[in-house]
Structure formats: C-alpha cells, structure tokens
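The following pair of complexes shares a single chain, chain A, combined with chain B in the former and chain C in the latter.
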Partner chain A sequence: MYPKELRYSTEHEWVRLEGGRARVGITKFAADRLSDVVYVELPKVGSEVAFMQPFGVVESVKAVSDLYAPLSGKVVEINQALVEKPEVINTDPYGAAWMIIVEPRDLKELAQLLDAGAYMALVGERPS
Partner chain B sequence: MDEPLRRTPLYASHVALGARMVPFGGWEMPVQYSGIMEEHRAVRARAGLFDVSHMGEVDLAGPGAGPLVQRLVTNDLSRRAAGQALYTPMCTPDGGIIDDLLVYRLGDERLMLVLNAANTAEDLAWIRGHAHGDVQISDRSAETALLALQGPRAQAILERLTPAPVGTIRYYWFREGVEVAGRRALVSRTGYTGEDGFEIYLDGRHAVHVWDAILEAGKPAGILPAGLGARDTLRLEAGLLLHGNDMDKSTTPLEVGLGWTVKLDKGDFVGAQALERQKREGLPRRLVGFVLRERAIARHGFPIREDGATIGVVTSGSFGPTVGNSIGLGFVPPEHAEPGRRIAVEVRGRAVGGTVARLPFYKRDAEAG
Partner chain C sequence: MSAPVRPPRPAAPPLARRPVPVIFERGAPGRVGYSLPQSDVPDVPLDAIIPAAQRRLRPAALPEVSELDVVRHYTALSHRNYSIDEGFYPLGSCTMKYNPKINEDVARQPGIARLHPYQPEELAQGALQLLWELEHDLAEISGMDRVTFQPAAGAHGEMTALLMIRRYFEDRGERRTTVVVPDSAHGTNPASAAIAGFQVIEVKSDRRGNIDLEALRAVLTPEVAALMLTNPNTLGLFEEQIREVARAVHNVGAQLYLDGANFNAILGITRPGDQGFDVMHFNLHKTFTTPHGGGGPGAGAVGVRAHLVPYLPVPTIERDGQRFVLDYDRPKSIGKVRAFYGNFGNLVRAYTYIRSMGAAGLREAAEMAVLNANYMLRRLRDHYDLPYDRVCKHEFVLSGRRQRDRHHVTTKDMAKRLLDYGFHSPTIYFPLIVEEAIMIEPTETESLQTLDAFIDAMTAIAQEAETNPEIVRSAPHETPVTRLDDVTAARKPILRWRP
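Up next, the complex of A and B:
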C-alpha cells in the first residue's frame, strides 16, 4: 500500500527519486479518500513548483483538492495520459497515475518528508 | 446546526457495508459504499438500493386535509385520485419555493406528504400555521423508513419479495399494505434517478429486515447499495432539481423550469398572485442545463460567464458518469437560455467553455421503463 522506497508528504503526495529527478504522485490513502477522480489539473512543463505549495488540482465527483509539491524545483515532465484518464489515480496511484517529474532544487527538503512507516502512522494504518 | 446528527434505522447496516458516512440535512447518511461511479452505473444498468429514511413523512387526516394542501401547494391535487402521488412545490406568498414535495392521496380525507429532510421542521411549522380545525397533522418521520429501489431490474427484484402485482403500479401511482419480505409497506412507482423503480415506505422497525431481503434477492441481478453521491449524479443527469441547491425561497417554480407544476387555474393558493404576475411580466432568469468541454466540475456558486461578463451562477454540477461529460445546472438571463448557446463557467479563475443543453441530460429507453 505504501512502498518503502518512496518518501511521503503530510499532504499525501509521494516522491520517487530516479537519478537526479523526482517523480511525484498522490498516495493510496489520498486516492481512496477522494475516490472516483474525474479531473486532474497539472502545471506546465518548465514551470516552477515550491516545497509544500500547491502545484495542481485533483477533483473527484464530490470534492476538489489541491496538490502540494513535496519538493521545490522545475517541472520537466507531466503525465498527459493521466489528464486524459484521471480515474487511474484510483487503481494505480504509484504507477500509471504519477503526476509530474521535477528537477529538484534542494534535495535536503527530502529530509522533511516521511518514510513509509511514519506516513502509515500519520494515516492510522498498521504496517502490513 | 448544533444539534447532534440523526441516524436512520439502517445506520449499522451502512457501516457494516463499508459506507462512508457524511452529514446531510441534519442526518448522518451514506454518501457511498463501493464508489459513486460504480453505484451510479449499477442503477443505470441493473439496480441500486438507497436508504432515504431521512426524508420527512407527514400524515394529514380529516375533511380539512385536501383543502389545506390545495391552498399550500402550486400543483393541483384535485387532479389526483386515491392511489396517486403528486409532485409539487410549496411556495411563500412571494412565490419562493419553501420546499418541493410529494403528496400521496391515500383516501378522500387522508394524505401523506414527503418532505426534504433539511426542510421538514420548517415545512411542518408552515403547514401547521395554515391549518384550521378540521385536519390532524402527524409527523411520522421518526418512525418511517424509506427505501428507494431503482434501476431497470428493480421490478424483477421486488417481484421476488412480494405476492402483490407491483408491475401493474403505474408511474406516480402507489399501493398501500403491500407485503415486501413479509412486512407491510406502501410501495410507489417513483424515484429520483431517471430510472424505473420503486420507493418503499415502511415502519422503521422493519427497515433492516427489508433492506437485507432486497439486497439478497437482488444479488443475482447485480444490485448494489447506493449512497447519496450516486443519487446526486443520477438525479442531475435526469435533470431533476435539488432543493437548497437549484431552488430555494429566493427562486420561483417558473424560474427553475417547474412551470408545469404551477396551476394558476385551480383556485387561489399561497404564492398564486406573485406567480401570476411573474408569468405576465416575464422571468428575470432561468435555470438551464449546460455541458462543459472539459472534465473540470462546475460547483455550486461558480460564476457563469459570456464574453468575459458574469451572466449567471452554477447551482449544481458534477461529472455525469453515464453521459461522460461535466454537466451542471445554473441560472442565466432568459435571452441566454436557448440550447446550443455558448457559455463559460469560471473554475478557479479560469473560464471553461461549454454550451447550454436541453434537459434532461439522460433519458432512459422507453421500453426499459
């Protein structure tokens, strides 16, 4: 449910470091809570995102939520397929439903994110 | 709203089914079980079962019952026989909609009103305030449960649980004393989904038994328990209005497209003069349907724009799972109300383009009903 190799924000985003880049999405917990995601709004490639500042929006039938950047940096890629098929957030939050890839400005920010254990404690789930 | 939330007799059943419970109209209600989309599709394709026991039920009895209701509602009760239900707004003297309700004609001097949960207390006070002598008014809301069995397979499922010929009940007719899973109920061919279906009124003490029996009997047909989330997307696709969102005391039935429920020729009623005047002088705005070109959702209160100017406001909006688009309802000036007209909805500071659409967004095949 919460892969060990990821880092997590208290706003329910995950980060996966891939070489010098960081892939970002939202967690299974957030996806379940939203349920029935119908719309995703992502930033433009080349734009800047800032640590724990909104970078986009995800909408379910019932509610709209901001997406918060777990790292500062430049957006180098966005998941256009997700914009066209946002419902995969509910089925594959750590895979096909990645949202943006960021060129991080300051990797020290990672230290402020949670590991899987701490994140599970935050959302009240026991490690499986 | 400091009062504690009320619970229907089915609260524990919802929790056991994994429902997500939310506050609605003063009640703690299931918004979804397996998911709004899945429940929505089940109702369109097969069947869904809703607990809508939060709705208010009020019995009126006595020679004054009929005249009282005729005086308070805009539609014409005299056109309904015993065994028929009537959909109608109830208005203020200004023509504003206090509530929209169903009136069941149980007999010559016996009526049942079905009221929106959030309005039940205010409706009751209004009705009592207009009653004179020869009518008994009993609030049956607390002890009455209401289950809505909706979808193309609703009739087949209900027939497995009752000896009564429920298939012969016509749209907006009902039968009292129908045995459903061995318990007496009032069964009416009504609903709020745009599908064929039934609403089943029964003693709250039997609610769990009948709920379980319907889900069990409907299992082979693919029934799902469905929550308020799916109820909202279903009713929106069907072009049905929600009081408190699409209409309230500041809007008249004429403005929201309920002119067909305003019978100015039936004799005097509360709001008649104001509605007659508005009909004569013209409408300041009209409620219309719209479809957006993107999947962003137009939420209640978002501005409707044309050429950069604000011309109206969204009253309801959602993604329509069956129609596959972002749809909504909103007020626009009458000259912008014709289908096909281009509009935009301002979504978080951005204009999302769309067009005025003919209602309903979704209509079931006639043969399925």
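Up next, the complex of A and C:
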C-alpha cells in the first residue's frame, strides 16, 4: 500500500527520487478517500513549484482538492496521459498515475517528508 | 395448443413517477402555439434587411409545440421539484426554513411590485423608507453601522466586502496581499478572496472544532488583509475563542470578516459587531426568509463598521429630515456592484419577516433552531459517528465513517436512501475536514413530529447499513430515476440533448 522507497507529505503526496529528478503523485490513501477521480489539473512544464504549496488540482465526485508539491523545483515533465484518463489515480496511484517530474532545488526538503512507517501512522494504518 | 393468453397491460406508473420527456420530444412538425392574423403590410424579402452572411443556413431547431404542450411540460417538471413547502429540507449550512406567505402578500402589492427602478426619488419615498429601515434594523441586529443591499447573494457579498477591505488599505497606503480562511470555511471564501486579488492562506481547526488560535497567530503578519470566519462555523459550533481571534487579527491591523451564512443561530443572542467583526454578509435568503435554493434570486447584504462606511457601494440611502434620498456622492466608494439597489422584492420580504417577528421573535427563532438541532444530535449520536462532540448551534455534523468501514456503505449511499423515505438529503461531504460528513440543519420551523420522523428514517438507514447494505448501496428505489452514474456523468458529460 505504501512503498518503502517513497517519501510522503502530510497532504498525501508521494515523491520518488530517480537520479537527480523527483517523480510526484498522490497516495493510495488519498485516492481511496477521494473516491472516483474525474478530473486532474497539472502545472505547465517549465513552471516552478514550491515546497508544500499547491501545484495542481484533483477533483472527484466528492470534492475538489489542491495538490501540494512535496519538493521545490522546476517541473520538467507532466503526465499528459493522466489528464486524459484521471481514473488511473484510483487503480494505480504509484505507477501510471504519477503526476509531475520535478528537478528539485533543495534536496534537504526531503528530510521534512515522512517515510512509509510515519505516513502509515499518520493515516492510522498498521504496517502489514 | 391453446392460444396464448394476452398478458394484461401493465398499469402505467403514477404520474409523479413517469419520466418527463424533453420538450423537443413533445409536439409534432409544424405545430405552433400562436395564431397570427394575416399581415396587412407588404412582405419584405429577408435578403433586403439582413445580409446573407449574417443569416443562419438552417432554421433553428425549436420545439414545435402548442400552448397546452408547453403548459403540461412545465407543470409536469414543476411536480418533480422538492421544496420546503412540500417537506423537510435539512440541508446543512443552507437554513432551509419556511418562508412565511405574508412575505409574498407584501412583496406582491402593486405599489411595491410595479415600482420602476428609474422612478424618481420623490415618487418612491415608501420604497426608500423601507430600505432605510431595513438597513437600520439589520445594523441593530448585527452590531454593524451601515448595510448595503446591492450584492445579489452571499458569495457576491463576500466579494463586495473584500473589495471594500482592499480599498480601505489602499487608502491607508498599506499593501496587504493575503486573506486567511480556516479549513472548515465555505468554499466561496477562498474563491471570493482570489477573485478580489488576494492570496489565500488556510488555517487548521483545533480538536474542538474551533479555528486553531496558535496556527492562526503563526500566519498573521502585516501582509494579512483579513480573516474570513464563519461563526457559528460550518461544524455548527460557536467559535469559543472569538474574542482572542479578533484581538489577534486586529493586532496585525487586519480586518475580521464574518461569513454570515450561519447567522440564524445567534439572532438576538449575540451580535457580530460586539464579537469584534468589522464587516459581514447576511444571507437574507437564509436567515430572513426570502426564497432561495435554485429559486433565487438571493440577497447578500453586507454590513460594515464605521471605518469601512466610506467604501460602501453607491448609492446609499440617506434620510434628510422627512425625506429619503439616494446618495451617489461618495468619492471613496468602490462603486456599484449591481444594477440599481439589489433584489428589491427580496428585501421587502426580509423587512416583512423582521417586522412581523419583532426582536423577541427573532431571538426565539434562533433559540428554537438551536434546540431542534441539539435534540436531533442527541437522538442520532448513537447511530453515527460524531467527530466534534459539543453542544451545537443550529446544525451539526455527523460522520458515516463507521458505516463505510464496517459495511462498505458510504454517506452518499445513505443520503440517496433518505430519498426513499421521502426526505431531502442533508448536506454531505462538507465541511471537508469531516470524513463522510453528514451536515444536518433542521431550522426552527419544523415540528417535533417532523424531527422524529427524520430521526426514525436516519436510524432505520443505519440499521439497514448493517443488515441489508445492498438496499442502501443501490438506493434510491422509489424515485422517478434511480441511482445515477455520477462518475461517468463527470468524466464524459453529455451536455445537450440530441434526437
């Protein structure tokens, strides 16, 4: 449910370091709580995102929620396929439903994120 | 082999449950609803008066129906409406209370209904007096100094107030960029702030459902123009630290804004002006019984303390001896935010309500609204989770978390099931800080029998979630259309009818 190699924000985003770049999405917990996602709005490639500031919007049949950037930096890639098929967020939150790839400005911010265990404690789930 | 027995024709469903075809499916080609006399002037060729490039290639695909077709179509649709005049409507945060019919009598008097907005002041003295008196009544009720009636509804009132706050700070030479809202706020608050050109900072609620005072203090800087607060808040809870909140906001020179959506809970008991609010909006269409809820138009009056009075929209209504005049000569005003003087007919209804209730009646309405809510809360709390366990004001928020986790029945399922029991559903999935939220506002106008019937339905549904969850998951069953596929509707919306 919460892969060990990821880091998690308290606003339910995950980040995966891939070389010098960081891939970002939202967690299974967030996807479940949102229920059926119907729309996702992502930033433009080349735009800047700031640590724990909104970078996009996700809308489900229940609610519209902001997406928060778990790292500051420049957006170098966005998942256009997800914009076309936002329902993937419900089925494959850590894979096909990645949202943006960021060139991080300050990797020290990672220290403020949670590891899988701490995130599971946050959302009230016991380690499996 | 005997001849097959022809099955009896199924009885048609009762009228109220038959689907209503769209109007394009009624009528027949060439049918019209008018009959005009022969034209007694010569025909002019269309080409002579409208250039070909501006003319459509094909005739517009208008419905071809008779007058009776039209009457039947819209009458059938009107029977599908659900309104407070038909049944209980416990839509939290919306104050769906009864709108007394005397309001209609008064608003429909020809001297009021047929007044023209361009009528000169001297021929509209009665209307101006009514507006002037309503303004001063609302000022007295709220502890504000002046009130504008221009905004057409609550969110428009928010925007009007924020534009006044902007102008106030510009006037003082201060640059303030930010508006603070709690995470329990109505979604219109951050939206209005953004439209008025501010950045928005969100502050968490504390464990008791109040705005978190420490978190608030941490974001209050000289950049902050205002805190937008709803009191009682959207959890139906009175902000217990409102004086400290006001002090903290004023210490950094910011303004304290009241979202007055929940004013019904405190009428005649406490006044926003005395709590430290600088500016507020009233939902006259909630608290003061003017019609609302898709039936519009609303009326979102805005009240201000003295220091914001110069920025009110023009015109204001002033009393000059025995005469009432419209004052446009207000150089610091933010200008007009709407044509003329607001939704006058609704202002007449609000005035009628205030004058027929009187001060004691308004207070009693608030007390009954709070009593009704607490009665329901006490009777429902064993069947649903109650995330913030306090004496509530006029509404309360339950959670369907237990039903979701144990029986895979969601709040949405239970809200749909309520339709089968003949009730309008409460507000659901709001406020956002409560999972599976169910927000119930009974209002003061419901009888004990109605409250009990609704409580019984909610209790029965909680039972069904345990014993027969499928009937809840697939609800509603008794409505003209049953469960709609809202996911597909949102992902692949069909926005127009095609033959």
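Miscellaneous remarks
What we mean here is this: the second predicted complex is superposed on the first by the 128 of 128 C-alpha atoms of A that agree within 3 Å, B and C clash if a C-alpha of one lies under 4 Å from a C-alpha of the other, contacts with A are read in each partner's own complex, and residues count from 1 in each chain.
Following the convention adopted for this analysis, a residue touches a chain if its C-beta (ideal position, glycine included) is under 8 Å from a C-beta of that chain, and two chains touch if they have at least 3 such contacts.
The model shown is predicted, which means the values in this text are computed figures rather than measured ones.
Because the two structures share chain A, they can be overlaid on it, and in that overlay chain B clashes with chain C. In the superposed pair of complexes, A:E48 makes contact with neither chain B nor chain C. Touch criterion met: A:V38 reaches chain B and chain C at once. Once chain A of one complex is fitted onto chain A of the other, the partner contacts of A:V57 are limited to chain B, with no touch recorded for chain C.
In the overlay built on the shared chain, the residue A:E77 is in contact with neither chain B nor chain C.
When the shared chain is aligned, no partner comes close enough to touch A:D92: not chain B, not chain C. Within the three-chain overlay, chain B meets chain C in a clash at only one of the listed stretches 98-106, 152-160 or 278-286, and that stretch is 98-106.
Residues 35-36, 38-39, 59, 61-62, 64, 86-87 of chain A are contacted both by chain B in one complex and by chain C in the other. Listed in rising order, the residues of chain C touching chain A in the complex are 187, 410, 412, 429, 432, 435, 486-487, 490-491.
Those residues of chain A that touch chain C in the complex are listed here as 33, 35-36, 38-39, 59, 61-65, 86-87.
Those residues of chain B that touch chain A in the shared complex are 31-32, 35-37, 229, 233, 294-297, 299, 318-319, 321, 326, 348. Across the complex, chain A meets chain B through its residues 35-36, 38-39, 41, 57, 59-62, 64, 86-87, 90.
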